[in-house]
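Please read through the structure below; I'll follow up with questions.
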Amino acid sequence: MAIIVDNDTRLVVQGLTGSEGRFHGLRNRAYGTKVVAGVTPGKGGQDVEGVPVFDTVAEAAAREGANTAMVFVPAPFAADAIYEAVDAGIVTVICITEGIPAHEMLRIHTYIRSKGVTMLGPNCPGALSPGKANVGIIPAEIFSEGSIGLVSRSGTLTYQIGHELTQLGLGNSTIVGIGGDPVVGSSFIDVLGKFRDDPQTEYVVMVGEIGGDEEEKAAVFIEAELGKPAVAYIAGFTAPPGKTMGHAGAIISGSSGTAQAKKDALEARGIQVGTTPTETAQLVADLAGAP
Amino acid sequence: MDLYEYQGKQLFARFGIPVSKGQLAETPEEARAAAEAIGGSVVVKAQVLTGGRGKAGGIKLATTPDEAEQHARAILGLDIRGHVVRRLWIESASDIAKEYYLSLTFDRGAKQPLFMFTTQGGVEIEEVAETNPDALVYLHVDPLEGFHPWQARRLVYGAGVTDPSEQKQIASIIGKLYETFVSCDAMLCEINPLIVTPDGEVRALDSKFTVDDNALYRHPDIAEMRDNEAADPLEALAREKNVTYVKLDGEVGVLGNGAGLSMSTVDVVTFAGGRPANFCDLGGGGDAQGVVDALSVITRDPQVRSIFFNIFGGITRCDEVARGILQALEQIEITAPIVVRLDGTNSEEGRRILVDAAPPGLHVEPTMLDAARRAVELAA
Amino acid sequence: MAIIVDNDTRLVVQGLTGSEGRFHGLRNRAYGTKVVAGVTPGKGGQDVEGVPVFDTVAEAAAREGANTAMVFVPAPFAADAIYEAVDAGIVTVICITEGIPAHEMLRIHTYIRSKGVTMLGPNCPGALSPGKANVGIIPAEIFSEGSIGLVSRSGTLTYQIGHELTQLGLGNSTIVGIGGDPVVGSSFIDVLGKFRDDPQTEYVVMVGEIGGDEEEKAAVFIEAELGKPAVAYIAGFTAPPGKTMGHAGAIISGSSGTAQAKKDALEARGIQVGTTPTETAQLVADLAGAP
Amino acid sequence: MDLYEYQGKQLFARFGIPVSKGQLAETPEEARAAAEAIGGSVVVKAQVLTGGRGKAGGIKLATTPDEAEQHARAILGLDIRGHVVRRLWIESASDIAKEYYLSLTFDRGAKQPLFMFTTQGGVEIEEVAETNPDALVYLHVDPLEGFHPWQARRLVYGAGVTDPSEQKQIASIIGKLYETFVSCDAMLCEINPLIVTPDGEVRALDSKFTVDDNALYRHPDIAEMRDNEAADPLEALAREKNVTYVKLDGEVGVLGNGAGLSMSTVDVVTFAGGRPANFCDLGGGGDAQGVVDALSVITRDPQVRSIFFNIFGGITRCDEVARGILQALEQIEITAPIVVRLDGTNSEEGRRILVDAAPPGLHVEPTMLDAARRAVELAA
């Protein structure tokens, strides 16, 4: 099983001919992901180390059966690329690109929901289901296959926690980066719902950070509906209000979105929150009864 | 990006929202000239990116150009909540019969723009929300469907505005505010107070305006409004060098890769008993030059007494980071000791490079926690 | 039973204080329709012969439980009135106003579908369920209660056929005018689907006219899914191409939308088409075995 | 409302779609002056609201102003499919390397705007659709979501345009055409041919443009483009009097209330063996003055030999219609006999009014069919 990406994933890389798209697209293929096509307008007919390139996503879907898109096109063109993927029938869109204007994302968010599309990002590291597929920029070698679902707003922090889990002998079902922008395609709850329905996933780790109230909402969901043990980590306890901390979405507005508020909300629902990545991994290990 | 009151009002005016006539002044003499040009009574208003100007003495009425000059002299240079006043907005004084409140915010939770309107304006909206919640009307707008005139009516009638001319003027302002908000990629457009004059004219008397940084590329005119001098000088330097940097108050300079890990690093320093001097994110793909740039910003802070490098290589290659550190040590004078923790992609090679070069004052630690403790010790 | 309007209808009249809104709103109430509210911005607090007037539809819905809206506001403001009704939770919108720009209706059509709202019009006479409720401008006295569902793009032509049915001793379940504009809220198929599910309706009469291809689509539906005997009438056999015949939607574009093409499509599916209103009524009488 | 080629091109140009330089001319002298002003070779193009201009000799190339004047003299006054040429568009002649086709139509069936694009332009699109359907690319646009650049790419690449500069220019024109279509409330925007010049420039060489009559109230500039002189004089008169009237070829003047019933009335006259002279809809609420106005238009047609009044009263009150008929008989000289059928609201009173007054040549019949037969008889 696993969620979002797996052996059924047939990936089209939008922006495959760009340097980043090429690097990560081929890296994903090397991992075993079925990278079936690339799309770069005007470069249809070319190929990137054997991966055929098309002018439009519609062609990639029709000719190669692509069902998942990874978006690597520059921010000013990324929103259009996402709409194109959705309108071509792609059901999972993973947008690595960062810097898409928040208003564009409001519209995209509303639109993809009406179409039943799953989207990660923008500004996300992608999703990795160890042993099955890797779509995005997550360094797969850190992770091993297992029963822990990991969902995070951050890339490197995820690697850090994944690394600590691996050192404790624990593996992952799927590692999901939802992205660090103020509006992203999937909320924590969306991903937690998928973990709930995934038989491979037995435990869940949620890695949040300051800004917004998705962690607070997720706390309610975890208590009421997840039905699996969960542990959380929150970054940004020492962040000052009104400052954007690297991620466009990581900002304390007035008194809302603080790490402490999120921690309190989680603990009030009986969810343990680690103070450091190390402690968080240890909490999972304790739950999972690892060595 | 936050805009000054006068910049927000310029954008309001561009979309047809009525504002008072005014002029910018940066010296007492300019303030006098502005008052003369505008005529009649004027208000001298400190332009700072924070609230509480009134209480801090940053807003004064002047009935003559002389008085305007005097007020300007008093207000320029004032420190209002850590912001030094360097610009003034000289504006035609308004007679105020009523004070309303109107805002449009980017509601992250609901994923929709959110209107808030109340006839109880002129005070902090949080206060109204607490003491008189029924007086505050909320309305979300579907971002795909866009704004419709009925939404303005719902706000105006819902808040109990009864005068037909006011109803009409405010409904029109509401529509224009939505247009402003979407057209400018705003995250916040607040008018507080939205005044009604004794002759029944409705006008925006203040503005609070925040624009999405990610959208500035398509608004070069708004991007130009940024006042680089108002920012913390280190943050301004960082912006220039394209380094993601936020100044904090402590002594441990922090540098991580990725926003989440960098925030976590700052936290860990705090939990280890230290005080972080900054947040600094090397970004996802940090190369050697990026490391040099980041270090050059961090070390410019005289408070910094140790530097903590926390890298988990994914796309970032640890060997490249190690080379960047050595390069920076050659190019910049760095007196503070550096603690480095490298993990992930090419971390062994990275550590080897550092250990082989063994520059003085550089410490390599095996884990994030160990490294944090060491950096805190060194800063003590 | 009956469809669209019935004893559960709680009507708010948008534009009740205008002369037409007032005349027909009160006429509908006199028939027995529950006219619970009117809406005219700025006239909230007034009443029209005892019907309370509100500034917004949201208030009318909250205070009087309105579930159906009749739109009588002038064309330039009608689209906004429709959106307002939908966003206030109204589930049935009947727009009498004519002259709404077709592009506005494209957007409204897309929007109401996503919200599951039933809409008749614009430029329609409304709906009458004899003995239950009348919403719109249909002269109810011509019709009697019975088992024949009638759906039409035209007002007076509907009255003509209804009159002939009444003279033959036949009554109606519901008379539905979908409107004469190029884009209307409900297609023939939408209404036929409701007649199919309505136990009171045993026979159906469809009154079409030139323009568009809704009658052709309806022919397919009638054959495949209606499951009840149906008769049709088409107006405009002698209409020249390229001319708008009274209704904005009644226009033959190039060679498409002719009455003959519609008649042929219906007959090809085994549906009888009357040449005159009189003959059409007689065909129904023959089917229904009336005297 | 259909626009002339040059009017459509003016709208295209307003939205940035490239067109050739040109001028309007209504006389041979103006055509010469236009050719002089434009310079070089020009094309003299008849402006008529119908197709087939080329085959009818309505489009001619002129290499000199003299020649332009001669062509203009020949083309002005030409009858092209029943349309007399009264205006010419004098346009800079284009070298044509390729002819494409691009249109955006209002797809009533799908309830969405529909793009059609093919590199097989310059001929009737129906021909391409039949003989080479694979060459024609179709694309619907969601009216709420609006247009996105990828849609232009799908059309351009889908039709097999391979030249990168052409791809770019056409994609841009496609986006602008959508903007034109929506902003002008168009029902049809067709560019055939969309040409590529030998130096690779893409331009709209023709335009077919239809605007929604119901939306003209918000486009006063487009509403003014209507050429009232080009319409049938009776239809122009009817428009002036706000009467819904369409001229037909026969002898039985027809007047009904409501579009559907009026169409049905015209049909019934035909089935009864007669030939209707017109379609005329009194509208839903017809009052006495409306009846007078409608009769004054119908009787202006010299072919009319009888008049058939078919009224089913709903909102329309039959007594009011009866009074209108009597009033019209007083005010206008009506020689043709009138057959009246009244049913519905107040029909008894209406019939009584007519029977009591019993003006000469007025016949009251009980049913629509009876009345139609009588009117046909009287026209024979």
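Each chain carries a letter (A, B, C and D) given by its place in the written order, and its residues are counted from 1.
Criterion: a residue touches a chain if its C-beta (ideal position, glycine included) is under 8 Å from a C-beta of that chain, and two chains touch if they have at least 3 such contacts.
Fair warning: this is a prediction, and the values are worked out from it, not measured in the lab.
Q: What chains touch chain A and also chain B?
A: The common neighbours are D.
Q: If you tally the C-beta contacts, which comes out ahead, B-D or C-D?
A: Of B-D and C-D, more C-beta pairs in contact link C-D.
Q: Using the average of all C-alpha atoms in each chain as its centre, how far is it in Å between chain A and chain C?
A: 49
Q: Distance between chain A and chain D based on Cα centroids, please, to the nearest Å.
A: About 55 Å, centre to centre.
Q: Once you find the CA centre of chain C and the CA centre of chain D, what distance in Å lies between them?
A: Chain C and chain D have C-alpha centres separated by 28 Å.
Q: Specify, in ascending order, the residues of chain A that touch 2 or more different other chains.
A: Residues 111 of chain A touch two or more partner chains.
Q: For chain D, give me the residues that contact two or more of the other chains.
A: In chain D, residues 144-145 touch at least two other chains, as defined above.
Q: Which chain pairs here would you call touching?
A: Pairs satisfying the touch definition: A-B, A-D, B-C, B-D, C-D.
Q: Given the complex with chain A, which residues does chain B contribute to the contact?
A: 106, 108-109, 111-113, 126, 142-144, 182, 185, 187, 212-215, 217-218, 244, 246, 248, 256-264, 266-271, 276, 279, 281, 284, 312-316, 343-345, 367-369
Q: What does chain C use to touch chain B in their complex?
A: Contact set of chain C toward chain B: 41-42, 44, 55-59, 77, 80-81, 83-84, 87, 111.
Q: Which of the residues in chain B come into contact with chain D in the complex?
A: Those residues of chain B that touch chain D are 144-145.
Q: Which residues of chain B touch chain C once you look at their complex with the stated criterion?
A: These residues of chain B touch chain C: 145, 148-150, 153-154, 157-158, 164, 167.
Q: State the interface residues of chain A toward chain B in the complex, per the touch definition above.
A: Touch residues, chain A against chain B: 75-76, 98-103, 106-107, 109-111, 125, 137-139, 142, 152-160, 163, 180-183, 207, 209-214, 217, 233, 235-240, 243-250, 254, 259, 275-278.
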